[in-house]
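Below are two complexes that have chain A in common, paired first with chain B and then with chain C.
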Partner chain A sequence: MSAREIHGIGAPFGPAQPGAPENREFALIGKPTAKIDGLAKATGALQYADDIQLPGMLHAKTLRSPHAHARIRSIDVSAALALPGVHAVISGRDLPERYGVIPWTQDETALAVDKVRFIGDPVAAVAAVDEDTANQALRLIKVEYEPLYAYFDPRESLVRHDPVIHEDKKDGNISKHVELVFGDVEGELKASDLVVEDDYTFHGTTHAAIEPHCAVATQAADGLLTVWSSTQITHYVHRALAKVLGLDPARIRVVQPALGGAFGGKSDPFSLEFCVAKLAMITGRPVKMLWTREEVFYAHRGRHPMQLHYRTGVTKDGRIRAVDARILIDGGSYSSFGLVTTYYSGQLLTGPYDFPTYRFHSTRVFTNKPPCGPKRGHGSVQPRFAFEVQLDEVAERLGLDPIELRRRNFQGGHTRTVNGQRITSNGFLKCLEEVERASGWQQRRGKLGRGRGLGIAGSMYISGTNYPVYPNEMPQAGIQIAAERSGRVTVFTGGNDIGQGSNSMVAYIVAEELGLDLAQVRVVAADTDLCPVDLGAYSSRVTFMVGNAAIDAARKLRALIVEAVAAEWKVEQARVRLINGRVIDMQDSARSISSAQALQITEARHDTLGSTGSYNTPKLGGDYRGGTIGASPAYSFTAHVVEVQVCEETGRIRVERCWIAHDCGRALNPMIVAGQMEGSAYMGIAEALLEEHGVNRFGLHAGPSLLDYRIPTAIDTPELAARIVESLDPEGPYGAKEAGEGPLHPSIPAISNAVFDAVGIRLRHLPFTPGKVLEQLRTARAMTQGKQSGQVSRC
Partner chain B sequence: MRILKLQINGDLHELAAPDHWTLLEVLRYSLQLTGSKQGCDKGDCGACTGLVDGKPVLSCLTLAATAQGHEITTIEGLLPAHRRAGGEGADPIQRAFDRCGALQCGFCQPGMMLSARALLSRNAQPTRAEIRSALSGNLCRCTGYTQIFEAVESAVCEQLGVAPKPRAWETPSPESGS
Partner chain C sequence: MLRMPRFELLEPTTLEAALSALAERPEKSMVIAGGTDLLPNLKHELFTPERVVSLARIASLRSVRELDQGWLSLGAMLKLEEIAAHETLRRRYPALAQAASLVAGPQLRTMGTLGGNVLLDTRCQWYNQTYFWRQALGFCLKKDGTLCHVVEGGSKCVAAASNDTAPALMTLGAELVIVGPAGQRVVRIDDFWLADGAANKKLDPGEILVEIRLPPTTPGHRGAYGKLRMRDSIDFPLLSVAARVDLDSSGKVSHADLVIGALQARPVRIKKLDSVLAGVQTGGDAWKTAVSQAAELAYRQCHPMPNVPGDHEWRREMVPVYVRHTLESAVRGDGPVHGL
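On to the complex of A and B.
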């Protein structure tokens, strides 16, 4: 059921109209409460996957391909197996069943079968008494390869299909192609007063969560298999394990322990989960595999490099008439989420601005590089970068203030986009206003002197989608609650807390609805033996969907308590209120019992107490093939202003400050929302200026370490100022929408736009390295020779 | 193998470990002190930071044998030390990180908090720039560092008995004119 169906139109969050927010007083919702597991994290007590140590546990390591593209002629593991301390060695033939997160594009195997497709592709795995022995055994495995021609340039993969990277694909090296047209784009472009057209490049970047991937497996004597994994989607790992191992899913338990960051990088089922399971089944002993930092860079699934071409047609007063996009997506060696990425690259651009007509033409190709996948802002950060830089150029050419241009094209709330997506609450104008005011935009932009500038960009993102990765009619999120006579209430959720605080969010909601102290609530999460299914932590779906399921379950239990207590007191149910760990009579302040007493009364009248709740999206999306991909029950909106300083001597850009305004509906916990906004902006700024996930001309990773990849330190990170905008959503839990991914998008184009304000050059090709800046400055100087001599900003 | 005598969190441990084992390996594998995290195993990330004689040290780059004769503190040692000193609850830096939202995934934070603890021991009122510098060896991927800086400042304010500065998201925005 949709939240609206569960709770009725307008309920439970008050009227849907913007400007008429619900004025209810909350005990916990909207307050900056500490997380329920904060102190466990702060004291080192919380257990992450690699902290699990089981008696008799073996350690496993992976042998990886040294070739970017090669046929495997033979594998000889006999010498490795003979090494003392080695208990098992497996290769592709032991796990030949294919998997892949999207059911229609399953092209991965746990270990390479016949072929390797990138340097780092897993080939064999060893379980040994310790890591040192396992590493020694890897060196004894003999693999004979027949190297094949390898692809590193996506433009080549578009036109050359011999050799083909995946033999059974019908379109050669093309992974997915999507072309969608909404309206008469060519006609509108012709009729436009101004058309801006240009090419843009988004490089590859990766997640670099500080916790490397790790999995542990053990099989009980009766065959029950348990796998602990650092995954952000327990449910898909569960399904994939059953398929690949040929086991009944009811005989597999998957548990996600505390997770040390993910950002999309732990969404796919990974080789190590299958390997530890298989090795545990063969040896009869627990097996752990911890990937090295270098291996995490190979595992990747990071942001797709894209080459983007945009044409935007506008009227002379700045109204958009048409947007036309052509995008080439470098998918790397496997499909992963690539089908969705290809759709998202076009489908998620249609807000917060009104596009009367729109066309996108996106093609994802395979190359012999680490596979790309979903990274924070999946598929939509790259087109957003290109388009927001193009919009800035439109403003410049029309002589309009870039914020004013964005205001003029605002699509409004409670509307429908050109591609058929339903927009509910929309606080984008307020976001613009917040960053405009906070940054002193009107007084400061263009007036900071050469070398210093301000830039704006906006964006929109989904709060989950109504497209479950495998088609089914079951709820996307489920919750079970068990209440006990001591007053303790345990919430069981399949949702994955990946550091974003979803377990705390669930606890806040249940405590709010049942009037409990937070200390009375426990959360058991992401354990397939104990918890109802949730589709996992991706697409910014958890707060919206799991939150609504939690409200649903808690209100059912509350109804039982209210009914029982009202009957006990012989009063009308409307007089019974649950608040702050007590149940009170609204008309007789002398009558008040603890929530434990209330649960005892309820248990005596009903039965052992519990309830279930669920959430599913309403039917959403355009009525065309792919129309549901990117269709979300609610969209978040963001605007950033970035202040940069550009050193014209060295070409170095320094972001000094970033103002972030984000419309997250209701902030269920503003401190956690602000943390998501700051972390998102930090990550976007890092992608623009420092980070690059690339390979050299042999396909070897250019720098598989945190130092070489250059994630920002505390010194590199600018001052981040988060401003929360609350446009209460009619269907989100208490009006909430997402906050974890949207606020990344504008930071990257805002930097480019700020550099234009600072030194008059347009950076269209990421990353914005000093070399590129210097080159463009030289070109610009050559074009305006003499006019600006002596005007070089230094740092 | 080698017999090691290590003074960790106030206790003397005598144990056998391979010659090449780092302090991180001994902490995690021999003593199950898994609060020290392995993020890169090459000195880049700082998640394994421990205190050796009160100074932050990368335990993944410290040979266990060389840590003998020194006082080692891991994240597990902070709360008990605070209690031994007559305090309640957790160490003030741990409480500040919890209170200020600095703990997202939490993986980098044991090392981060020990670096912060070391900073506050030598400089009771650090500036924002000094905090940035002291924590620059500890990479965090979740927070953008802001709530970490705020947590350290909040711990300082608590010590001084003054209220911390409001954070950007706490200040109400003025009513717009338009």
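On to the complex of A and C.
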């Protein structure tokens, strides 16, 4: 079976037709099952990077820039080196090789070389016997800086290019510019019955994963370097380490231990991974570096602040004729995934609605702030916010129900978007229907009294893309299976389980295909020495791609088992069925053996048992530069209805409830899918109402702690109602699509739209702070003075 | 994780031993109660004591005692959770129990003490930060520097008194019992504060707060506490309001008091409150009007600054809102007021 082959959506046994009753024949898939590492997590037995203790291990710390933008005149580390207990000190010149996730925009070094670009930029690192000694040594390093003019306002970076933040950039302080036009946008806007045009702002937010970044490195006597890191992309760390350290990748092993959350914030290779590796090589001792919470805020890679301008033209019955976007993206100090972000800001908006014409003009600029990068819903949460608020205004101006407006523009399934993306299964209408019904939309919207309101928003997101970050023809995901006579089957995956449950997903699939008990399956993941390559946990690609690879590998092994057992029993292969830890004869119920016995029979016939499987995307995307960025083998779709209560005395918005309907193709484990949906909505609501990642007037992070960066606690979290929609995608594993990022998108615009329903103001600028709400309420009152009774909803 | 700096920790079991442990090097020693304020501050290098003396093993500091003439004594080491849940306190001193119930989050309230709360260091967004962060800024005059960043060019620290129980204790007329090398002194909590955010308490090195004493309240005593914060747990106040309304037997206000916290270095008492509230019959329209007037008085007298994180203009707008709700809630007896 080739890697590109599609496996079908049905259970491994019986015909696979969408909606056919044989779908009931799944043993494990589709059932709420505990995660395979759930108990270890709950009991504290699971090992995270910081749990690693090696004999003779040193502790490393990072010296960071106190300047937002400065040239480094000199660094004197002699006093630090002389401190008893210090084993090594390194600075930029020790690791001058550049890296960066995107091969065309590699502009980072492990430690600053000649220049610092934000407050918190790493400058030097110390390895010492303990953390206190390392910290003490940091204060002995003398760095002479020549401060440079610093940029905090992206609008300024757009027009001012002296000084430049990255000297070798051709376009001054512009990081990336993309302009793509599909059809006659101006003509269609002119011909529209209504054009709604406005500005929107998305502030910055960060991931705030509970586990801070941590890495440990050790070099064996024979030179083999091992790095354990809390990364969500082992493979890119592996490549970057080889490049920066000048080592043969075959002599580097990268392992991801259990991970305490990532949300995109652990996607880049980070300074600490290079530093521990280099320090281990210099000292000949294992070295660990654990970042403080403050350092995690500086490393950032969170959601890009964007200033967005949208024009949407529609016919009088609400059909979209044209969408025109102009977006300024504040990238912070480095490129990171910025090239992709810039494309995503436009490329991912073209569903679930049909756009006959579309243009976007997106520019990412550098500023002297912590670097932005991918955060859950990478690049598309911000435009989605602006657009869905604008759509609501279209509905209002046309006197249409906002759900009806969205329905009218539904693009349908198995179609192509205006920018050339292939849409397969599309359950968006069902999502709308679910949240409409569950929220009592028809009976309740507009009738809840002043202060309370309902809002809707929709979205779509990718299940991975066929753009592999660095160009290559190899599979995007690989799986290796080893099986032995005890009945134990080990699955090796390069996929990174970052808490989303991807290791469990692999186990469910292999157990399903081989008819095993879940307890018979072990998963070894994210270890470059042991596992086939996978491109990592980003762009919501793991279930789709690794899942397909797992089916591929498991079916190859299953074929061997079926063949061997059929031969042994001297029956037709169709009679051999693998289920629940046993192998049975479908026509003779007396004949049944354990799967261990079946493996023994197979091993005797075929030698040591194993198989491999892989997945690669089909050719996808538009035929133009950047046309493959955002081209996904399958898109997920989401709709939210949010119910808010707005207090007009305080300006506080309370989200009372949020109904989330998400088309994930098929829920391989509905419990995990629902968890992802709720977690996504929680995160989106938090971004809208509480969180803000910004710098103060000095360019210093405004509050790099979990006290000042306010993530909601349990009691700040509304009731979340997840409703899974299954559209059974023709190419996903058993029909599955992503569920980890898509369900975040609508919550933010849905809040704005609900606030409009509640008190009649449109919130277009995030975050929706109470001060802003009061201000807008005052303006609205001033405008309608005399007409209204001045009624105010009290808290 | 941020590292805890090194210090010598002593855990005496008697007050005398604690006092003498402090007396050896008063300037270089500090007291630790629950540690929920001190330990983060040590990690931020806001203080660098060589010796830390814990009061946790001194049993006598954890009692609630009835004193003569209806006074009540609260040991400084009572946990905030104990204060919040204490039946007598909830009945006789509702504002205090409510304030304690809204401090930080549940874990911190089971560690944090009443004494530690009274003695909480003032807070400021430019100050409660790590050494690295403060250094990047050139520090500020409360610690290691010469400039104030709240009032640009200002020469006085205006870090905010952010302790939730202080405004409530002020409305209750509490007294603090402090022991030190020179013996015991009793201070009215109103007289305990200085208008200087750098050091807003009249407590000398080597002194220990042992008790908080509360005068009796009458059956007509009403009180409530209101707290503005973004999250419903964990967060320090962006603004806080302690309200006291004493009613006579006919339901008229005989005396009222309002103290506002988290504005500046010391809690602020609203002046001339009795001129609008005294004599007013609660419940009716006159009461409504009086409450609005009180809210207006407070609005004029309170000027939140950008010392604690958050939009200070919105904090100012919230002064009359929280004053109104807290006064009403005091009379209704359904406080605390929060999360509006």
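Assume the second predicted complex is superposed on the first by the 771 of 795 C-alpha atoms of A that agree within 3 Å, B and C clash if a C-alpha of one lies under 4 Å from a C-alpha of the other, contacts with A are read in each partner's own complex, and residues count from 1 in each chain.
Assume a contact is a pair of C-beta atoms (placed from the backbone, for glycine too) under 8 Å apart; a residue touches a chain by one contact, two chains touch by 3 or more.
These numbers were taken from a predicted model, which means no experiment stands behind them.
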item: Contacts of A:Ala209 with chain B and chain C, given as first, second, both or neither; value: first
item: First (chain B), second (chain C), both or neither touched by A:Gly38; value: first
item: More chain A residues in contact - chain B or chain C; value: B
item: Partner chain(s) touched by A:Ala258 [first = chain B, second = chain C, both, neither]; value: first
item: Partner chain(s) touched by A:Thr650 [first = chain B, second = chain C, both, neither]; value: second
item: Contacts of A:Pro704 with chain B and chain C, given as first, second, both or neither; value: second
item: Touching partner for A:Ile715 - first (chain B), second (chain C), both, neither; value: both
item: Which superposed partner A:Arg239 touches (first chain B, second chain C, both, neither); value: neither
item: First, second, both or neither for A:Thr292, with chain B first and chain C second; value: both
item: Common interface positions of chain A, toward chain B and toward chain C; value: 132, 212, 290, 292-293, 705, 707, 713, 715
item: Sites on chain B touched by chain A in the complex; value: 18, 28-29, 32-42, 44-45, 47, 74-76, 78-79, 90, 94-95, 97-101, 103-110, 113, 131-133, 135-149, 167-170, 173-174, 176, 178
item: Chain A residues touching chain B - in the complex, by the definition given at the top; value: 32, 34-35, 37-39, 41-48, 50-51, 53, 132, 207-212, 258-263, 290, 292-293, 433-434, 437-438, 498-501, 670-675, 677-683, 705-707, 711, 713-715, 717, 719-724
item: Sites on chain C touched by chain A in the complex; value: 1-3, 6, 105, 125, 128-130, 132-133, 135-137, 230-236, 309, 311, 313-314, 317-318, 321, 325, 339-340
item: Complex contact set, residues of chain A against chain C; value: 64, 66-67, 119, 131-132, 135, 212, 290, 292-294, 647, 649-652, 690, 698, 700-705, 707-708, 710, 712-713, 715-716, 769-771, 774, 795
